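Labels run A, B, C, D, E and F following the written order; every chain starts at residue 1.
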Amino acid sequence: MSRIDGRTPDQLRPVTIERGWSKHAEGSVLISFGDTKVFCTASVTEGVPRWRKGSGEGWVTAEYSMLPRSTNTRGDRESVRGKIGGRTHEISRLIGRSLRAVIDYKALGENTIVLDCDVLQADGGTRTAAITGAYVALADAVGWAQRKKLIKHGRQPLTGTVSAVSVGIVNGVPLLDLCYEEDVKAETDMNVVCTGDGRFVEVQGTAEAEPFTRAELGSLLDLAAAGCAELDTAQREALARTL
Amino acid sequence: MSRIDGRTPDQLRPVTIERGWSKHAEGSVLISFGDTKVFCTASVTEGVPRWRKGSGEGWVTAEYSMLPRSTNTRGDRESVRGKIGGRTHEISRLIGRSLRAVIDYKALGENTIVLDCDVLQADGGTRTAAITGAYVALADAVGWAQRKKLIKHGRQPLTGTVSAVSVGIVNGVPLLDLCYEEDVKAETDMNVVCTGDGRFVEVQGTAEAEPFTRAELGSLLDLAAAGCAELDTAQREALARTL
Amino acid sequence: MSRIDGRTPDQLRPVTIERGWSKHAEGSVLISFGDTKVFCTASVTEGVPRWRKGSGEGWVTAEYSMLPRSTNTRGDRESVRGKIGGRTHEISRLIGRSLRAVIDYKALGENTIVLDCDVLQADGGTRTAAITGAYVALADAVGWAQRKKLIKHGRQPLTGTVSAVSVGIVNGVPLLDLCYEEDVKAETDMNVVCTGDGRFVEVQGTAEAEPFTRAELGSLLDLAAAGCAELDTAQREALARTL
Amino acid sequence: MSRIDGRTPDQLRPVTIERGWSKHAEGSVLISFGDTKVFCTASVTEGVPRWRKGSGEGWVTAEYSMLPRSTNTRGDRESVRGKIGGRTHEISRLIGRSLRAVIDYKALGENTIVLDCDVLQADGGTRTAAITGAYVALADAVGWAQRKKLIKHGRQPLTGTVSAVSVGIVNGVPLLDLCYEEDVKAETDMNVVCTGDGRFVEVQGTAEAEPFTRAELGSLLDLAAAGCAELDTAQREALARTL
Amino acid sequence: MSRIDGRTPDQLRPVTIERGWSKHAEGSVLISFGDTKVFCTASVTEGVPRWRKGSGEGWVTAEYSMLPRSTNTRGDRESVRGKIGGRTHEISRLIGRSLRAVIDYKALGENTIVLDCDVLQADGGTRTAAITGAYVALADAVGWAQRKKLIKHGRQPLTGTVSAVSVGIVNGVPLLDLCYEEDVKAETDMNVVCTGDGRFVEVQGTAEAEPFTRAELGSLLDLAAAGCAELDTAQREALARTL
Amino acid sequence: MSRIDGRTPDQLRPVTIERGWSKHAEGSVLISFGDTKVFCTASVTEGVPRWRKGSGEGWVTAEYSMLPRSTNTRGDRESVRGKIGGRTHEISRLIGRSLRAVIDYKALGENTIVLDCDVLQADGGTRTAAITGAYVALADAVGWAQRKKLIKHGRQPLTGTVSAVSVGIVNGVPLLDLCYEEDVKAETDMNVVCTGDGRFVEVQGTAEAEPFTRAELGSLLDLAAAGCAELDTAQREALARTL
């Protein structure tokens, strides 16, 4: 049984990673997972938040947002509503944690890198595309900071690579990288963040309709690990290109 | 090697579930997991939010909050800061999803049940205690609504039971039901929500220090499933007592 | 004519004061005036707000809040609404002023004590129970600060004791310590805060229906002064118990 | 011993009440108590807030605010800070309650009157000047509504008159109508709201330094009652003038 | 064809400028353009905002607000709504820019002057009346600062004078200083801010109904320049009077 | 004397207008004025805001925002700060007014079109690029609504075309379409919105340093009118391309 867009269950959507999409940011990427497009910028500033001053350690944080018409029907702007919704908060925190998992704060020194992930067009998997793209922007920002000597010679703040993908069970079949139409029908929905060496940074599985079994969880993790390995390759290829 | 408080790795802290703690709420529970104490109330109102009107289906939602001095150092009130933090949002959403996993909206009819989970004292595991206690308050509220005929005769909105526990890896050892002191040292931290029949509703694992392997994930899920089974028993015993 | 709950007009509801209700706070009390239950914690921190720095004087302040289902019908959380209501503001300010009336700022030194009064269950008189309970929590916090040498040896920041009670005229009869059902029927409603030596710290009388005469005001003050004297005894007994 | 501005202890500051100060509002007054100047408008709208619809009863409410430079040093605007402070809330509520004490909601019918009291210049006693001026604006607004037939022929929503004054103990001497310089030195500060027939609507006494005795309270109430009687006369004279 | 209030197309409404309207502010003016009345205060404080510290230069800023019943129907308070509307923001910024156009920051030294412009009664042209009045309040505040030696001897921070007026096309006829009734009918509406020497500081023209031609724009600028010249005279006369 | 980027004073930066940049929005455009890139979407919904219901007329409004790293240094998100800044408000209002100038509300019928203009990269002229791009998105959205029969057969809501450009005086020379580096040095800065037939919709000129003369204003308007005529051509060409 083939999927809505003709993919096999274990197939990613086409992934594109364009670096250097902003002339201002120290790192910037336009990433697409099929029709999902996220613009990720990495901004480096010297210094750290007050609670970290004098520690000799840096900080990495992230903010996620959706443009009001990135979705099928227009959503209100959170700036206009005057507050950030729970989903936005949750995803911003997830992105930040995922990237911090591959950061050596000591090597970064007292510098702060902020990742902004703005969804230009949404079709499922925006948070996983954001993490995957933000890693590439982060890597470029770290390179910039090394060249600018903000990071001490010979120190490498990146301890690994990180990427993310969604998986879910639709009509009883475990599928990789759900598009929006699949996502709304999924009985179980899971977002998985992996390092390049195949270990897990985050596993967030939610039963949308039916609780899931240990066996189903296993199948989803298999799919996700394989998907992240492919994304890891795409990230490496993007970073290998001359900017 | 024994734990800070003398427990074995697979041992829960003492659990107490006191029902009927409020004279106003349709369901109310004071639950404790060791020194973590959460006050859970379930409020039933006829009618549903606007977006659900006319559907014939009910709604269940939750709000989580910590009293300012439930923790070791006093935190600012979110009402005074004028906005809800990301962590609060995230946990409120988690509690709501967990309880909705065992609700048959049709059977509930156009009624709304709000679970308020206020942490009176925190010592790790506040979200899992909240879910476990909220389920009991929810069950009492459903019983109240059945007696008041808000729910049609013979309908049972509860499709199962739900409980939650935290697990984590501390100094390389997988542990069940972390207290605060263990939680801050954990390399990996996971919250697991299970139904009474042993299936999973939510699995949220986070690498705090080192990414974790598939094998470690397996050990943690084993511990959590066993812990939830014990909590399920405690919930049933509490509900069996005359109020 | 006896009252709803069988009391005489000049009779308080049963008062209980449990100290040490929190393992984290420097002072903590669960106080009940009948079915009204307020959880009061006192948090000590070294230092004072910026506007008071270098003065050598301390500061005491208070925050009052009701849990959403402390009342008969659930109220919205102020954190969710994003702002604090006028009533909450007013009561927080009243509690703070009442406690500051028995504080010697010089003796306290540059330390801050914050009283958090969270209403777990409301049945009239929540602000007066809060003041009465907060005084006991404050006394424990002061004792803690003396033992920790945050307060200089031999200095006593407490210049007296303070308690509070509500009085009102219901069907023309002056009554002490109104429960909710009496409160909503009261023609006049008054909250009185007294020191242990029988003087007044706050007198707030409001004509809910009919303006009141000087004679009626006199009767209410008599009732209140007697009620506060009883509460003063209850506070002293509670503080005399070993924690 | 004479006062800062040469008054005797029982003497009001010069009071002026100018009606018709706005061409838009249904009632408007510029009132001054010495250098304290408050601009009060009464706005009539047909209809009542949602919670009162269909009751056949009207509603009266008030909002108080200080212009940023009404005081000696400029204060931040509450609109710029994004929230209303506790003091503002408290005074707005006091003004509203005071005026509602002389309103017959049935006679008013389903109309709403909002009193806006904006302090143009502050020199102590702004809330009492606001209440006293707002009553006059309210009376004019009621007259307007009667002429416009919003209020049924022959119905009188005003059941009496209301005015307010501050009193306090300064250097042990009870004084009437404190100016700012006296107010900051007062040991006890009280705001008293009376009806024209000499009864009390609100009594709010606060010990700023020392708790006060029953005898002191008595002296202050005597002063206040006499002061309100004078203000009542000033209100009647103002309302007797042709607009 | 004569105007609603009998004026000729190039005629201002009666202008009054009363200085010294506040005993607290360093400069204060009640200005009226016909029935439009704006209360302008200028507050001087030593020091500048953080981003300007150490520059040796001062700062001038402005805040505009309308009292809720300054208009024909009552508007909500922005403090109650918890946010400032776009129109208020826009006008506050316009007033600030207009006054800064005639300020020599170096001569002002590290002092800040805040202009508060509160509309007591609105009948069109509130922003232009505010600018015109605020300039006079600013001039008085500068004089005060010179006398207090906050400004160095011999330095003059005012590099010129500034005033403003509205113009518009109503029924095809260019008109000066629109009242509210004209303003709502205008096809084109323009606010013009001029210096005393006849140059432009701000020109803000908006087509409300039909786009306007270059020729129409020319006519409007002619009217506005002549109107500002008259206002400049009124400002000079007001400042020449003994305070 | 040539400009920073080699342009002549009356030369626009390269303009690109890409339609169909979003698969969700009814109209969408990525416009660039040199390095300034703005993403404009037009969202059509049936129905109008409450205050317009039953009028038979439609509504068009706009929201402008800058991504946090669209500028050289990262700015805080307005959603995180919890309020919209004055500049954002001002520009959103300007865009909305500009587009409404070419809308026939009756022909639009009771439909609402919201224009979202999000700046992806800023290099001066973001508001003028936003207006110019938003017009094209609006035109596509109108076409969509016509095809979907939301707009009655034969009705054309667009009464003309609209575009905008900035002009300014830098070192005494009037320049067209300022880039950021020129903008910060400009003595006078003006934004001009024109219809395709060469009339003016908005003229907003501000003296940043020196007040400007009538002659200078004339030169700037000449430049702007010529610039808008070029932009009009670019819009027509973009709309002529097959989507």
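Quick note on the criterion: a residue touches a chain if its C-beta (ideal position, glycine included) is under 8 Å from a C-beta of that chain, and two chains touch if they have at least 3 such contacts.
Molecules present, by chain and UniProt name: A, B, C, D, E, F = Ribonuclease PH.
All of these numbers come straight from a predicted model, not from anything done at the bench.
With steps allowed only between chains in touch, the distance from subunit A (Ribonuclease PH) over to subunit F (Ribonuclease PH) comes to 1. A straight line joining the Cα centres of subunit D (Ribonuclease PH) and subunit E (Ribonuclease PH) is 33 Å long.
One finds 50 Å separating the Cα centroids of subunit A (Ribonuclease PH) and subunit C (Ribonuclease PH).
Rounded to whole angstrom units, the spacing between the C-alpha centres of subunit A (Ribonuclease PH) and subunit D (Ribonuclease PH) is 59. Averaged Cα coordinates give subunit C (Ribonuclease PH) a centre that lies 28 Å from the centre of subunit D (Ribonuclease PH). Multi-chain contact residues of subunit A (Ribonuclease PH), defined as those touching 2 or more other chains: 82-84. By the touch criterion the chains form one closed ring, and its order from subunit B (Ribonuclease PH) via subunit C (Ribonuclease PH) is B, C, D, E, F, A. By the touch criterion stated above, subunit E (Ribonuclease PH) contacts subunit D (Ribonuclease PH) in their complex at residues 22-25, 28, 35, 39, 41, 43, 45, 63, 65, 67-74, 77-80, 82-84, 88, 114, 116, 118, 120-123. Of all residues in subunit B (Ribonuclease PH), those touching subunit A (Ribonuclease PH) in their complex are 83-87, 89-90, 92-93, 97, 101, 160, 190, 194-195, 197, 199-207, 210-214, 217, 221, 225.
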